[in-house]
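After this come two complexes, each holding chain A, first together with chain B and then together with chain C.
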Partner chain A sequence: MTPELISSLKQFAPEGVIISGLVFLFIMDAILPSSRESRLPLFVVLFSCILGALVTIGVIPTEASSLFSGVIQSDGVTTFFRLLFFFSCAGGTLLAYETKVLDRDSLSEFSLLILCVTFGMCLMASATNVLMLYIGIETVSIISFVMAGLKRDDARSNEASLKYLIFGAVASAIMIYGFSLIYGVTGSLNYGDIAKALIEGGGEPKWAILLSMVMVYVGLAYKISAFPLHFWTPDVYEGAPTPVTAFFSIAPKAAGFGAAIRFFLCVLSTPGEAGVWTPMALGHGAWTQAIAVLSVLTMLVGNLSAIGQKNVKRILAYSSVAHVGYLLMGFVSANAFGVTAVLFYLVAYCLMNLGAFWVVGLVADRKKSEDLEAFKGVGWEDPFLGVTMAIFLFSLTGIPMFSGFVGKFLLFSNVVQTPGFLWLAVIGVLNSVVSLFYYANILKAMWLDKPDTVVEAPVSSVHRIALAVLAIPTMVLGLYFEPILKVTQSLVATFR
Partner chain B sequence: MLSWMTFIPLLGAAVVLTLPRQQHNLIRLVSVVATAIPLVLGVVLFLRFDRTTAAMQFVERAPWIASFNIEYYFGVDGLSFPMVLLTVLLSFLCIFASWGIEKGVKGYFAMFLFLESGMMGVFCALDFFFFFIFWEAMLLPMYFLIGIWGGKDKVYAAIKFFLYTLFGSVLMLLVMIGMYYYSEPHTFDLLKLAELRPFAGKTLELFGTALPMDKLFWCGLFIGFAIKVPIWPFHTWLPWAHVEAPTAVSVILAGVLLKMGTYGILRMNYPILPEATQWASMGMVVLGVINILYGAFCAMAQKDLKKLVAYSSVSHMGYVIVGMASLNSTGVNGAVLQMFNHGTSTAMLFLLVGVVYDRVHHRWIIKPDGSQGFGGIAAVVPVYTGMMALAVFASLGLPGLSGFISEALVFLGAFSVPRFQTMVVVSSLGIVLGAAYLLWMFMRVFLGPLNEEHKDLEDMNWRERLMLVPLCILVIVLGVYPMPVLELMRVSVAQLVSYFG
Partner chain C sequence: MTVSFLTNWVHYLVAALFSVGLLGFLIRKNALVILMSIELMLNAVNLYVAKVSLALHSGAGLVLVVFAITVAAAEVAVGLAIILNLYRAKRSVDVDMFTGLKG
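Then we have the complex of A and B:
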């Protein structure tokens, strides 16, 4: 083995842990069939995630380094995403095991699949080579189709899976065609070389570059469910089992943003002094302007569609589209502050969205329905659920005291600082007013309406602890975000 | 000291939440204590307040979020201190007005105490970010207080209130971020910003047009605050929220929350953006006059007692706006005094409406079917009638009661500005209208032949008398001798108007 490979493998150790977990699950499934009925797979997943996180912290890179001849980059941003993925993988698995949405038999499959997705997401967020990126995206996508269809006898779940598959196949076909164009223009697959070739070519041939970038955007937009590739989101989120939806709404999206950060800043920008990039011209203006427009469209579509929905999972699905719109605002400045804002928002979003879906899962468990009607009076039946849901929803709205506000504050700060983009900030804040309307609708059902039937079903302490683990940081980060901001900043500082 | 005043109610809310659900009296007792301590501290500060300086007093500051230079920064001056006193007083009295709440007692009092903390924070915070947190945090308990414990259209009222206010505050959020990044050094410190005043003469590009930065900021802030005041045309949430809210919450809404809007304008727009304030003063006068007249006309048309009082608030806040817009010390003194006096007199009115509503469960002056809702009840409830008469006369500005002095100062101040004189003359019509709707209401409800439906109406009990007596005393004392409040603000106001040369 060459020294380069050895040092690469060392930086790749967290992913190694996840692969080991996967292999272990496979073997266990084969030689110990009775484990399918037990909680053993759950513990394997949790253990892999915790160990993976510890290893990640152990190998925090102090500077960016290219691994495996430049297909993957290991830097602070990689570290950040690994931790986020491990956390949401553990959260999603715990939710799956503790609610009655999935039957016992699918649970061991779920464990296997979610670990596999986690591995794919790590690849996505660290890829610096278009083929590597494609492999990461496909790993995540194909397994996601299976996960969405885990409830085999549920027609909605099947529909979700099929829609996801068709959309995904089209989007990735378009994306890889874009990659082939890029290769044709630049003769390279590595981000660094592509960027160099683009600069040397002076932006010519203009239309081929523009077309290829639009195609890549299609692939990424599908992954993060941004306009105009967001159509699958509500159907898939509604149809998929709630734990799967909870996981989908945070982790693959975050992975998409990881990939987008690298692609936009490493391929489409020229680095200036530390933490500042100059966005390349694409078509008529810099790509940042296109992103600003897409951000506005995404948040408008998400928020306006969410208003009329009757199903809470659909509301949250459209709301997640709107949040992608907010997150895209982080790119308009093309600097380290913007990246920090995106990463911080992802942390906040991960906590509050997972929490909101968690509550939805619990309510669906007791009422056998996810409609707004089913939420009536839940706050009075079980104040703990009501209060934590209120925290998550207010945080999603972006009301101060909660982490969602800090995330929005950072994103808007990013936009206000960037000359020429104030309009984006104005539309952005008005959108968060619109979002209050549907979030408050859920709260209204939970607290202001009378329950039709009172269901006495005490929530187990595992759920209480889990919800507290999500709700407390949501509040604490809202009031004191200095430490996590500093950590994120230092992680971003190693990114170039 | 200010921190204690702000956070003791929050502590009280936490204690309330740990108490068993059935212990109603214990919960109420804790709430009384948690609002009494800030009141006592408020009195102590009132005695220690230095009336000769415009500087911030009782300052408490500590770094909070170093990356953005955000500070934990409390302090009061002559503008905020009267509001602080009003807040602690009304909150304390409102606990007694909430005695009759039977549904979800624990949640109600916890929310109420949380609300008091929020209000205190708004008046004491001197860091924009810190201020903003309190400003918005207050919305949450308010939403639930109206939405859960309100009247029949509570859900609509609650969401309308929430959406309107959030709309205003997101604009404020943008201005806040803008002020931070366009000041050098970047700061959220309101006093520092007032000292630097770095925004005049710069431009900002919005939707392809370059706009003057200070005027843009001024308008963003003004809309945010105007919704709270509420200034026409942003007032439509108010009748809903005030009418549907439970009595105590209406009192807080009218007595304290509306003042946050005008306070915010005085604290931010005036000192930080004085040039833009001068530019906008004519517009403010016009809006103020519209408020006075529009509120009065609407009040006149109301058949519901509480709605009448709610619209009278719109009208009375118009005087505050006119006084502020005059930009001279007489007018601004009058405005701040009017903020305080309106707080006491309107609180009395809402409390009194609540008293009668608790007994007969309606508040129609004229019922929807056209018959008289009340009539002649002065004969059966003399104490109630006396208190109502006092509140009505204070509210319509009878000389010798508190409303008169502040309104007179407002008019004096505004009239001394030549270009406002026509507007002032027009707005003085509001006084006549105010007298008309209030006396009309008084006549229909209390005078004339006794409505047989209400011949068994009970007069006020000891609890209700106790919560109104302090306000009665204030209304009379400040009507005769307003100096205790005027002295608090005089130096600060003088410094504020000095920005306008």
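Then we have the complex of A and C:
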């Protein structure tokens, strides 16, 4: 073992913990079939995530370092995404075990698959090589297809997995064609060498570079469900089991943003002084202008389609598309502040979206339906559910005093500080106003409408604790956000 | 140092194969044929990467090809399982049969 490999493995330890958990689950499933009936797989996943998070904190890098001959980069941004993934993996698994959506047999499969996806997401968010990025994305995608269809007897779940599979496979095929064109033009697969070749060679031929970047955007846009590759989102989110949807709506999206941050800033930009990049010109302008337009289209499509939907999971799916639009705004400045804003918003988004889907899962457990009709009077049946859902939805809207507002404020101020993009901030604010309409619709159903039938089903204390753990930071981060912001800033400072 | 564009016939062959796959995905309704079209797209890319790799005398591209083949195999395995499950329910693999999710 060379010293380089040993130091690489040390920085790769959090992923190692996840792989160990995965292997342990495999073996346990094989030699102890009765564990399928118990909660043992849940504890293995929770233990792996907690241990993984502790190891991540233990190996926080003080500066960026390339691992495994440059296929992976370990820096503060890697650390951030690892923690976010471990948190959402633990949250998703807990939700799956505590609701009655999945049967016992599917649950042990769910635990295996979600750990596997978590590993793939860690690769995605730290890859600095297009081959590594491709493998990371495919690890996440292929297993996501299975997870969407985890309810084998449910026609909607099957259909969701078919749609996810077909569009996902095509998007990744287009993306790898883009990678191969990049390889053909620059002769390298490493981000650093690609960027160097693009600068030195002037990026000739220009049309090939532009075409390849559009193709790579197709693949990334599919993963984060940005315009024009957002159309699968509502169908898959509606059809997939609710815990799976809750997980899909936060973690793979965050992983896509991790990959996008690295790709946009390491390949398509030239680094200036610390924390500032100069975006490279593609076609008639810098790529930041294209991202600004796509950001506007994404949030418009998400917000306008959400109005008039009858299924709450569908509303939240379109709302997640809109949030991707807001998040894309962080890229237009191509500086460290923009990256910090994206990361902070991801934290807030992770908390509030997981919480909103958690409440949807609980309501669906009671009423056997996720339609707006089923939410009628839930606030009066169980005020705790009603209040926490109100917190999550207000935060998603971006009303002051909630964490969503601080996240949006950072994103918008990032845009305003970038010359020539004031219009983007204006459209973003207007979009937030539009989003209030459909969020308020859910709240109206929960609090103002009378229920058709009153279902007496007490919510267990595990759910109450979990919802409190998600709701309290959502409120606290709206007022006392400085510590998290400082930590995020110091993590981004090591990114280059 | 790189494969010059527009002068090499491989580019046209690859673009043609990829387009055939993409067209097949867009117009065919049979889920199995769609999977085959996706396979065609991936293999067109593999051909291109192998050619570039040979021209550059670099092994990185060949590694990409090997991984792409593996990933494609995994994708098809999962895809066939999903399609088989759908076939059991509706006795058809026509994608137009599966339109239960609408907004």
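In the analysis below, the second predicted complex is superposed on the first by the 496 of 496 C-alpha atoms of A that agree within 3 Å, B and C clash if a C-alpha of one lies under 4 Å from a C-alpha of the other, contacts with A are read in each partner's own complex, and residues count from 1 in each chain.
Basically, contacts are C-beta pairs under 8 Å (C-beta built on N, C-alpha and C of every residue); 3 or more make two chains touch, one makes a residue touch a chain.
Bear in mind the structure is a predicted one, so any value in this text is a computation, not a measurement.
Q: Going by the contact rule set out at the top, does A:A169 touch chain B (first), chain C (second), both, or neither?
A: In the superposition, A:A169 contacts chain C only.
Q: Just checking: does A:P400 make contact with chain B only, chain C only, both, or neither of them? Give me first, second, both or neither.
A: Only chain B; A:P400 stays clear of chain C.
Q: When the two structures are overlaid on chain A, which partner does A:Y177 contact: first (chain B), second (chain C), both, or neither?
A: Touch partner of A:Y177: chain C, not chain B.
Q: In the superposed arrangement, does A:L491 touch chain B (first), chain C (second), both or neither?
A: So A:L491 meets neither chain B nor chain C here.
Q: Tell me the contact category for A:L422 with respect to chain B and chain C: first, second, both or neither.
A: The answer is first: A:L422 touches chain B but not chain C.
Q: Quick check for you: in the superposed arrangement, does A:A127 touch first (chain B), second (chain C), both or neither?
A: So A:A127 meets neither chain B nor chain C here.
Q: With the two structures laid over each other on chain A, which partner does A:N311 touch: chain B (first), chain C (second), both, or neither?
A: Once the two structures are laid over each other on A, A:N311 reaches chain C alone.
Q: Between chain B (first) and chain C (second), which does A:L448 come into contact with in this model arrangement: first, second, both, or neither?
A: first
Q: Can you give me the overlap between the chain B contact set and the chain C contact set on chain A?
A: none
Q: Could you list, by residue number, the parts of chain A that touch chain C in their complex?
A: So the residues of chain A touching chain C come out as 130-131, 134-135, 138, 142, 145-146, 149, 152, 155-156, 158-163, 165-166, 169-170, 173-174, 176-177, 179-180, 183-189, 205, 208, 234-235, 238-239, 305, 309-311, 314.
Q: Using the touch definition from the top, list the residues of chain C that touch chain A in their complex.
A: 1-3, 5-6, 18, 21-22, 25, 31, 34-35, 38, 41-42, 44-45, 48-49, 52, 56, 58, 60-61, 63-64, 67-68, 71, 74-75, 78-79, 81-83, 85-86, 89, 95, 98-101, 103
Q: Which positions of chain A touch chain B when the two form their complex?
A: 380, 390, 394, 397, 399-401, 405, 409, 412-413, 416-417, 419-420, 422-423, 425-426, 429-430, 432-433, 436-437, 440, 444, 447-449, 479-482, 485-486, 489
Q: Considering only the defined contacts, which chain B positions touch chain A in the complex?
A: By the definition above, chain B touches chain A via 64-67, 104, 132-133, 135-137, 139-140, 143-144, 147-148, 154-155, 158-159, 162-163, 166-167, 170-171, 173-174, 177-178, 180-181, 204-208.
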